[in-house]
């Protein structure tokens, strides 16, 4: 994988919340087209890491480079719009009292500016793209439903669909299968696998079955530090990782 | 055709009925009711402007009257200056009010000044972390300050007496060109229709969707690449200008303006109108305004002969109405109707999906 | 402005600060610990003032008894209102604002119909005047300062040292966790809200002698109390105290320099600017929330 | 089914609105026939039954009703009973405009009696001009160029301040400190007083306008004390409503020396009885105090006390008496009109009209439509009554534009 281009790189990333060291000296590289799974016990700093990359929080030290540019202190909206990093949050985070279709339309890339959105008219291509995404996430029949009326799993898919609609270079999925039935989880896994290759994807996940389904290359976090990194089989044999997970149980 | 009709939501039918009613209203009513209804229509524009802000974007401004009053006062000051009202002691207007020395200038200022005020308040609030309830509290305080301010600036605003206006046209400030109540009714109606259409277009556009998304989940929106602050600022300015317009029309109908038009009382009253009608669908704002205002006027003229304390009972009743609304129909009259329709449609769709046996169809 | 006048202004500003503190405290408790904006707060001041009038002026009870009755009655009213109305709207900002506004209207119009529009006058419980050189202060104002310090101290004790206070704080910080510990958070909510309402009633009774008791008494406190809370931050009693002093002293001194209307406008605008720069309040407590 | 529900919604909302407003349309026509039926004459009454000045206007409202009932009991106006419609303008000029339009267009009244604040009078004047309906304004006020549609039955500054200031300078102090509510009325009154005080050789030490919801006066009192020192001064006080009462209370509590005296136009029996101790020693000046010893006054107070109780009768004020006069003067003017009740006739018939009022005989000046009246200065006594300490020799000609 070393031959393909580095898309995201973090160097010596640290963050501290009023005395609490949430992340310490993390170095990491994500290559273009990769599907990376991040695992780790609760409070390991996985979500904090996502927050830093997407501009929700600013680091106390260290730098983040994306596609060659330094995005360390950029705002969330700039990171999403200019650098094209899409993020799905932990637990479905959608626009509840809007229809499924509206949710996807809002997310569709290219019209985020105020003036462009005022004079925006739906083109056939736009409509087609929205419909295509709705079909991919199997919500086409539900497109006129309010997002709050969907089942939990459907809301998760909706948010995944919204991230696709952004057409990002990097997709970050924070626990995409949380609260899903086994069948839904499997479907989600297939959805993600289908995307692999076209997009670069980071998935944070607890569900080890799901991880086995999709993962090739895994990063393990613990206590705000990067514990191990490598192909799934290798990491599973790592005694440190086993210790952490055994302790967890 | 039938399909298209089916797709139109129920509130649009109510809108149609409402406008049909309003346009025929003066044909069979007496001058008094034409005058009252003109005032109510001006208030309806005001309620619409608040609905854009509160119903769609989720910004509960408790001081929207500041913008209404600002528009009204621009016209008031201009009228007083041009007609050389007896209380005027100054020789000329300060530089920033000089456009008020022409009739058209006054109208433009009445739209621009509330816009600018909204721009400043908005820049100030939205660039900081002021949101939610603090936005409401600060706008409430602003209304309080505005009331004190206009009373204090009596050189231009004539203090607590307010300004009396003799003309009843949108542009002219002279008493000679006064229109009849009947004629002016249609001027206000035209503005209401225009304001309504503007709101419909705006809210149907992508911007409208983004604003709804701001209401639903502002922080999520950032991660889709939007800057919520600029959208909020935009709608605040648009809403402010509309409020200014309604202020102008109301002052022209009423023939006077004073500090109550800019203060807390009106600011909270308009919230009640929108809440009763239902927020976030334009129709509710208009229906709420017309229902409450017509009810108040009718009850007032019926009961004020029986009990001189009537106004007090009305306010008491209004308190009860608000409680009933927030308890039993929190979405307001129209909002509940719209929701019921949505539910019914959802049910039908669900049945259709089930009939298809969960096969992923193409609609 | 002479030195004696400045010192007079500062002294009356200081006593005014304590009055503002007293009148805002109930609001701070309810907003800070329950995230509920109680628009009926200032009308509770009015209700408290009426209670004071009837208990102290008409029934000739001791003043302390009047304060106690005002607190108790407002507390009970708070229980009723919370159980009947407020508890249904937690977390719904617009609905809470509308509901509390409706309550405020009912209180105000109810008072108007019940007590009429005539002014009621409550005599000063203590009528001496203290003079220090050219500076004077009515003894009752000193009493008011005492009352507000007592109330502040008691509230601090209540919130931080008692068992119920701990429950209130833990409910604010993590409701579901608190529920898991077997604490009835609904009851905690009721107590918090009622305590805030009770304080408002008490404050109303305490300020009755220095104001004119009438149904519109609440209006004149609206902007000042709310701005005070916004500026002081909602989670710390000290912040409220500090911002009371800042607001009232500046109003006092500026109105000495120009006039009270200008002072009011300037101070409120400055408060708004401060809130913009420090949206979480000027003196937020160090607690991690 | 879907379509029908939509049509129901459409029809329902249409029906609701049309019936709602149609009902009131009917009400209008019903009233119109009643008014033109000929056995009654309809007049409008406009007072603040709520709002900041409600306490002052309660007595006006009571007196108006008293006068109407007396006139009707005595056979009405040429056999026709007076029918009245009351509106509350809540101390708000905008509301005043609305209710006056309501009275004119909806109730078709022949004339209107009422209003207290100057701001409301100024605001409704254009409405009166547009619809040509007369207003009888029963409050003492700051003076203006007389409006052709208004008849004024209160006194104006040349019947009030012009006697008050010299009296205070001779008997109390030459130093004045002016304070007032930030209103048109108070600022004009204070300006007039300033001119008068300087021209008579007195000193205006300071002036202060406060917002109408001010209830905390320690800063103002501090200022007064600082600027006047031991020599004291007359505090020329035109605070109204809540802030007025707060000021009196705090002023008396502040324990300033006897060299400080409050003098106020707004001080009247309603305040002096409500304030108790705090008002004692305050000077007031108006054309009527209820301690006036005339037969008409005794009769008026007796009737008032029978109707509203003895306690209320103690708080009868000058504006109340003026309203009583206003209704009587209006009835006399209407009586002169006979069958031909037009606005022009009503207004014309006010010329030189006289009435044996509780304050003494009053006469309407034909040029200005104000009344000739006697200027009186009163001092609040321990029991809350106001004792007359000075009165002009004869009724004074009104000069509203002076």
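Letters are used for the chains, namely A, B, C and D, taken in the order the chains are written, and counting of residues starts over at 1 for each.
Assume contacts are C-beta pairs under 8 Å (C-beta built on N, C-alpha and C of every residue); 3 or more make two chains touch, one makes a residue touch a chain.
Only a predicted model underlies this, so the values are computations on that prediction, with no experimental measurement involved.
Asker: Going by C-alpha centroids, which chain is farthest from chain D? Tell me that one.
Answerer: A
Asker: Please work out the Cα centroid separation of chain B and chain C, and write it as a whole number of Å.
Answerer: So the centroids are 33 Å from each other.
Asker: With chain centres defined as C-alpha means, what is the inter-centre distance between chain A and chain D in Å?
Answerer: 73
Asker: Indicate the whole-number Å distance between the mean C-alpha point of chain C and the mean C-alpha point of chain D.
Answerer: 36
Asker: Indicate the whole-number Å distance between the mean C-alpha point of chain A and the mean C-alpha point of chain B.
Answerer: 42
Asker: Which residues belonging to chain D are in contact with no fewer than two other chains?
Answerer: 49-50, 182, 211
Asker: Mark out which residues of chain C touch at least two other chains, giving numbers and ranges.
Answerer: Chain C, residues with two or more chain partners: 112, 261, 264.
Asker: Tell me, which residues of chain B touch at least two other chains?
Answerer: Residues 148, 151-152, 309, 312.
Asker: Taking all chains into account, which pairs touch?
Answerer: Touching chain pairs, listed by label, are A-B, B-C, B-D, C-D.
Asker: Looking at the complex, which residues from chain C come into contact with chain B?
Answerer: Residues 35, 37, 85, 88-89, 92-95, 97-99, 101-103, 105-106, 108-110, 112-113, 222-223, 226-227, 229-230, 261-262, 264-265, 268-269, 271-272, 275-277, 279-280 of chain C touch chain B in their complex.
Asker: So in the complex, the part of chain C that touches chain D is made up of which residues?
Answerer: Counting only chain C, the residues touching chain D are 1-2, 4-5, 8-9, 12-13, 15-16, 112, 117-119, 121, 124, 127, 129, 134, 136, 138, 140-141, 210-212, 214, 216-217, 219-220, 251-252, 255-256, 259-261, 264.
Asker: Show which residues of chain B lie in contact with chain C when the two form their complex.
Answerer: 54, 60, 62, 124-125, 128-130, 132-134, 136-138, 140-142, 144-145, 148-149, 151-152, 264, 268, 271-272, 275, 309, 312-313, 315-316, 318-320, 322-323, 325-327, 330
Asker: Please give the residue numbers of chain B that touch chain D in the complex, ascending.
Answerer: Residue list for chain B touching chain D: 2, 5-6, 10, 13-14, 16-18, 20-21, 25, 28-33, 35, 37, 39, 86-87, 148, 151-152, 154, 158-162, 164-166, 175, 178, 254-258, 260-261, 287, 290, 294-295, 297-298, 300-302, 304-305, 308-312, 337, 341, 344.
Asker: Write out the stretch or stretches of chain D touching chain B in their complex.
Answerer: 2-3, 5-7, 9-11, 13-14, 17-18, 20-21, 23-25, 27-28, 49-50, 61, 85-88, 90, 92-95, 97-98, 101-102, 105-107, 117-119, 122-123, 125-127, 130, 144-145, 182-184, 187, 211-212
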